[in-house]
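Dropping the structures in below, format is structure tokens.
The following pair of complexes shares a single chain, subunit A, combined with subunit B in the former and subunit C in the latter.
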Partner chain A sequence: MSVDLAQFHQVFFEESFEGLDIMESGLMGLDLGDADNEEINTIFRAAHSIKGGSGTFGFKEIADFTHVLETLLDEMRDGRRQVTREAVDALLHSVDVLRMMMDSAKDDTDSDKDQIQKQLKELEGILGSGSATTGMSAPDQVASSGGATGWNIRFIPEPDMMVTGNDPLKIIRELAELGEIEVQTHTEKLPNLAELNPEDCYLGWDIRLTGDIAEDVLKDIFLWVEDECELSMQPILAAVTGSPTTTEVNNQPAMVEPVQEAVNKNAEAKKAAAGSSSIRVGIDKIDDLINMVGELVITQSMLSLLGEEFSIEKLEKLQDGLVQLERHTRELQESVMLIRMLPISFSFSRFPRLVRDLSANLGKKIELVMSGENTEIDKTLIEKIGDPLVHLVRNSIDHGIEKPEDRIKAGKPETGTIKLNAFHKGGNIVIEIVDDGKGIDPTAVLNKAIEKGLVPAGANLTNQQINDLIFQPGFSTAKEITDVSGRGVGMDVVRKNITSLGGAVEIQSTFGKGSVFTIRLPLTLAILDGQTVIVGDEIYIIPLVSIVESIQIKSEIINKVAGKGETFKLRDEYIPIVRLSSVFGIPNAKAKKLEDGLLVVVEADRKPCGLFVDDLLSQQQVVIKSLEQNYQRVDGVSGATILGDGSVALILDIPGLLRMSVRH
Partner chain B sequence: MANILAVDDSSSMRQMVSFTLKGAGHNVVEAADGQEALTKAKSQQFDLVVTDVNMPVMDGITFIRHLRAEPNYKFTPMLMLTTESAADKKSEGKAAGATGWIVKPFNPDQLLNTINKVLG
Partner chain C sequence: MNATAAVENSEQHDAYHLKEDGDEYLTFRLANEEYGVDILRVREIRGWENVTRIPNSPDFVKGVLNLRGAIVPIMDLRIRFDLPQEEYTPTTVVVVLSVLVNGGEKERIVGVVVDAISDVVNAKMTDIQSTPDFDASIEIEYIRGLATAGEKMLMLVDVDKLLNIEEDVSHFEHDETE
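== the complex of A and B ==
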């Protein structure tokens, strides 16, 4: 039977990547010099599984590499080797190299041989010359019977051999398949019936096996029992030495073809696997979903029964059924959305390593504390928030936390702390990056901003406004551009990326005490809580997160400032008014005078603005459809959705809209 | 056709073993660690056990030691999936009651050959 191993590759890669993550976080957690044996064992086990799997599924390069890695781990586990920083560093680098090899294997591309060799050298250097072995391939079967025409075998099992599941009879049968067999049984140890224990083995055999049989083949048969029996094997030498290996040679050509076929199949399956990305979903989520679908089916059948013989008396029942249908549909939607949700630990898991490596590079002492790793967030968001988060954490390490000597001077503990917190807050995910470093120096930032022409000289800004300046394009306070963060493309890109996910980022900082970056993200990108508004005949959707309030306007609070357009005064603040009808060129808007319509006060980039609309309709969840995919990009619009009556409504992109209206 | 219990914490290995054995007409039940395997082995009788050695919760050797102590499993063949480098595991496993071992990496044909050998 030929089994196509390629079908298991995807699962193998998935669990191997997980295994690498386990190794990495395990290595990060090891206490130098005094490591917990169980922790090392966990790391060892992950490496061991990767080795076993990669060997079995035909990734020899990975198997060989992991073997060296495993040897080092094994020595640590047995206490034969100290857990030194050097060794842990080498192991961490090896995890990186393995990840690279695994990626290449997955995409069926060539791996970086130089890097592998370099890393192997490093590992072998640690292992000590001579003790490391790079290959783990089994020795080639040397098929030779040494000119024997057969074997005389003495096989006397120990009494309890059978209680390990080995059966002498099976062994003798196996021998019989190899050639002609003559068996002589020793019965002298057989007791009389009263003393006989039926579970023990009392017999022994002298076996004469004739045929051209290699010693290795024989040894293989007795391999499992050699410690549980008296065993001797003497070759029966032939008078004339024949050509010993004819049968083996003849067998070989037959082997070649299936192997070739398997290789081709592998290549095809690899192509298919590389393109698809999969997601692991807890079984409870699937069960919920199945339950929900069950409910939906029941409701549907109830409704269709009602429809078959409908009369007006049954109207109430119909309405009940429709209410139920609505509820089930909503629950189903929520359950399906949950499938895409993953714990944010997928994104957080890289930070212990990052903090460790960077702080060592910069000569700083930093402790990373993470909380809320189990907070769930949409898979797409996890992927997209990764880079901005890395940037912010790097920023905290580089610019935030001071060097140990500076910290001591400032009366702080030598080791700085960076906290990563994630939690749900009002339909959003909030991620905080908190450091107890030097914080932002408002004077330095302001001077820099004036120097760069971002702020007019002599401007009077609040601390919050000054802190916000670091998100301005082209702003960088680091005096020299370091390897770690700051390459001029800094925080503005971070803010842009987070805004494009429908989120926001803010900073609070106290000079000398530390900074807090707060990222707010929607739970998902596929659905949005929206307020539908009407202008003329057109319906638009305003994302609920942007709305501050909606007000009916009175004429006395309106100001028309020459050259600056309409504004109104709300709680001592002048807020610009944007008429949606003029932005989108709608001729038949019902409300012409501001008193006739409504103002929806929205906020983007901390700037408030009043959107003038005819009326508010309802609040509802809408499914976001891409405008780019179905039509083209439109300024001020982030997407579209289909309303209950089948018509299309545009979803407003509030920051974009405000930028547009400023230009107008 | 035999009733076989396949134990491995790696799901790719487990799937491969299980798929191969099912393809040869056997009935296969899977378990992800020794503890789970022990529970399953007590609730139904297997003719053969194939188990990985290195596993979380309960390793393969401990599992074999426990299962071998069950009266129903006194003579049941139990095979360990092990690697060449873990030579000491073989004797440790034998002492715990393992019938024998299959060395990783192995291909499906090698697995079937070995299994046919113990099922006789």
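== the complex of A and C ==
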């Protein structure tokens, strides 16, 4: 049975990366010294799946490495080894190394052999040292592995074992690799051919396996079928038992040799899966969807029946049907959008590790508190918000939280707290990063800004305005450049990235008390609330989030600056006017005079601007379509959408549009 | 898997057409001259309908159209070839083509406006360099070669070059700044 395994590689990698995440978060949650067995078990299972998968797919290097990892975990699980900080650190590093190996297997590049070897040495070092001190349950170990020269195994699978995807032949082959094997098959249960169900397993085996094999290794092979068969393993005791010393040396079997021979088995399984990403969806969401489609089909058939023999008396029925259709379509749309939604914990999960490592690095004591991890957000956003979030959290650790001694001096608890909150608020998702560190020193920031020429000397700024300065390009107050931050990627990039996702980031800070960064993001990138406007014969869509208000203005409040640029006065503020018709070169705009049309006051980069259009049409949700797929990026336009009548309308990119108007 | 299948197909296709002595082309009329495009590149042919203008685009890009949910740019070949412009008539059609950009890595869908569709012919391409006295009013860079189908001479349009919008637009912007 030869199957092209390469087609499953993507699934394998996805699952393995998930497994690594589980291991990582599990390791983070372990209480040193008094670890919950169930937690270790979870970690162990994740490691075991990775090992199994990588073995199946021919990634021998990964399988061997995971095997060593697993041995350590197994000892912890059985209570033969204490959960020490040293061991957890080593395991965490191993997860990193595994992730690297997995990455290189995925991209089909060579992994860093030195690093793997180093990590293996470290693991083996721990395995070698710790076990003796905790007195690894010696007697039965000796009896089961060292003293035995082989095993008598009785393996009688239940009839339906093959249905679950386990193949006894494979298991026997695996055993055969361990040593010399003799197999006796029990055929007595085998029925007549007429009664034989080809999917059932009627056979049983007595296996005599000779060789110095540890019980664990055998147990591993049968791990997946334990519950589905009658299994007994009897060690064959050697006629002449080896001297006790040799047996003890043999106590760490099977885990030392494997990696050296790192055979490049995956050469044939090369083609790494392409970069297309997939998404795991809860079955309940799919069920919802199917229900919704069912409803839609019913409504559709009702309507078509109505249309076949329509008379005016049935008008009311038709309208009812249409209302239903509209409701179902909307519900369907909502459920489809929900499929793209994932809990933000996918993004949050990396932070415990980050905080732990960084705080240890910087000699700070920090506790991370997360809430609202189940808040759901669009998958694309999860991927894109990761880096800005990491930057902000790093920033809080590095610049926010003080060293323990400084904190005590300032009368704060020794351990600093960083809180990550996520919640929904009015069609947005809000992520807060709160720290109780030293906050932002307004005078220092202001002086720095003046020094850098960002604000004129002697400027009178509110605290809020000063705090906002840290988002300016070229601003970094870190006195010394540390490993963590201050390497040129500044808060301006964070703000830019978040803005490009259609969101916003704000800071509130009290000097000496701490800072709060608030990120606001739209729930999804695929749909937006828009205001349709008309200029000439053309319809455009303005994202509702950029609109402050829409007004009709009187000629008294219009100013012409130097005969060219137009501004108007709104509540003591002079706001520039941008005529959409001139920026976009739209012919036959109806409103020539500013009094005849409407001004949509929009805001981009916190600067207001009056966008002059002929008229407002309606507010509606629009599905964003890419212009770049078949054409290219267009200045001042972020995308396109299809209106109710099937025609295309362009969605305005307000910040881009304003930049264009400056150029004009 | 897919790639090899595609190669096989095209080989079959070539083998098939070698017997017929040439490839199949969709021919269309533009200012009383006949042009041809590789029929395998033609996605569909549809009547002219109003499009949504794209601001600040080159003049040969008429706008974008909703083609079953995809946003497809439509360009006027007369303007592209510097031919005199004419009002669109009931026979004016849009030929929807698939265009390979980035050296064939990416496929794009583009519609071109032509005067009318003429025929589907089998023809063999002659290299344009071998016809030195070739004299047409359009820029030669968009023509891949010539072909004769019966009495008529066809100019075979190089679809990928002709519709490589990015190049053209950067060209256009360049012009504008000068």
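Some notes on this structure:
Simple rule for what comes next: the second predicted complex is superposed on the first by the 469 of 664 C-alpha atoms of A that agree within 3 Å, B and C clash if a C-alpha of one lies under 4 Å from a C-alpha of the other, contacts with A are read in each partner's own complex, and residues count from 1 in each chain.
One rule holds in what follows: contacts are C-beta pairs under 8 Å (C-beta built on N, C-alpha and C of every residue); 3 or more make two chains touch, one makes a residue touch a chain.
Keep in mind that what you see is a predicted model, and the values were worked out from it rather than measured.
When the shared chain is aligned, subunit B comes close enough to touch A:174, but subunit C does not. In the overlay built on the shared chain, the residue A:15 is in contact with subunit B alone; subunit C does not reach it. After overlaying the two complexes on the shared chain, residue contacts for A:63 are found with subunit B alone; subunit C is out of touch.
Once the two complexes are laid over each other on the shared chain, residue contacts for A:583 go to subunit C alone; subunit B is not touched. Touch criterion not met for A:193: it reaches neither subunit B nor subunit C.
Counting residues of subunit A touched by each partner, subunit B versus subunit C, the larger count belongs to B. When the two complexes are overlaid on their common chain A, residue A:279 makes contact with neither subunit B nor subunit C. Residue contacts after overlaying the shared chain place A:636 against subunit C, while subunit B stays out of touching range. Of the two partner chains, neither subunit B nor subunit C is touched by A:457.
Taken together, the subunit A residues at the contact with subunit C in this complex read 538, 583-586, 625-627, 629-632, 634-637, 640, 642, 646-650.
Considering their complex, residues 1-3, 5, 7-9, 11-12, 15, 42, 44-45, 48-49, 51-57, 63, 67, 70-71, 74, 136, 138, 162-167, 169-170, 173-174, 199, 223-224, 227-228 of subunit A touch subunit B.
By the touch criterion stated above, subunit C contacts subunit A in their complex at residues 50-57, 61, 63-66, 69-73, 108-110, 165-166, 169.
Looking at the complex, you find that subunit B touches subunit A at residues 9-13, 15-16, 19-20, 23-24, 52, 54-56, 68, 74-78, 81, 83-85, 91, 94, 97-101, 103-109, 112, 117-118, 120.
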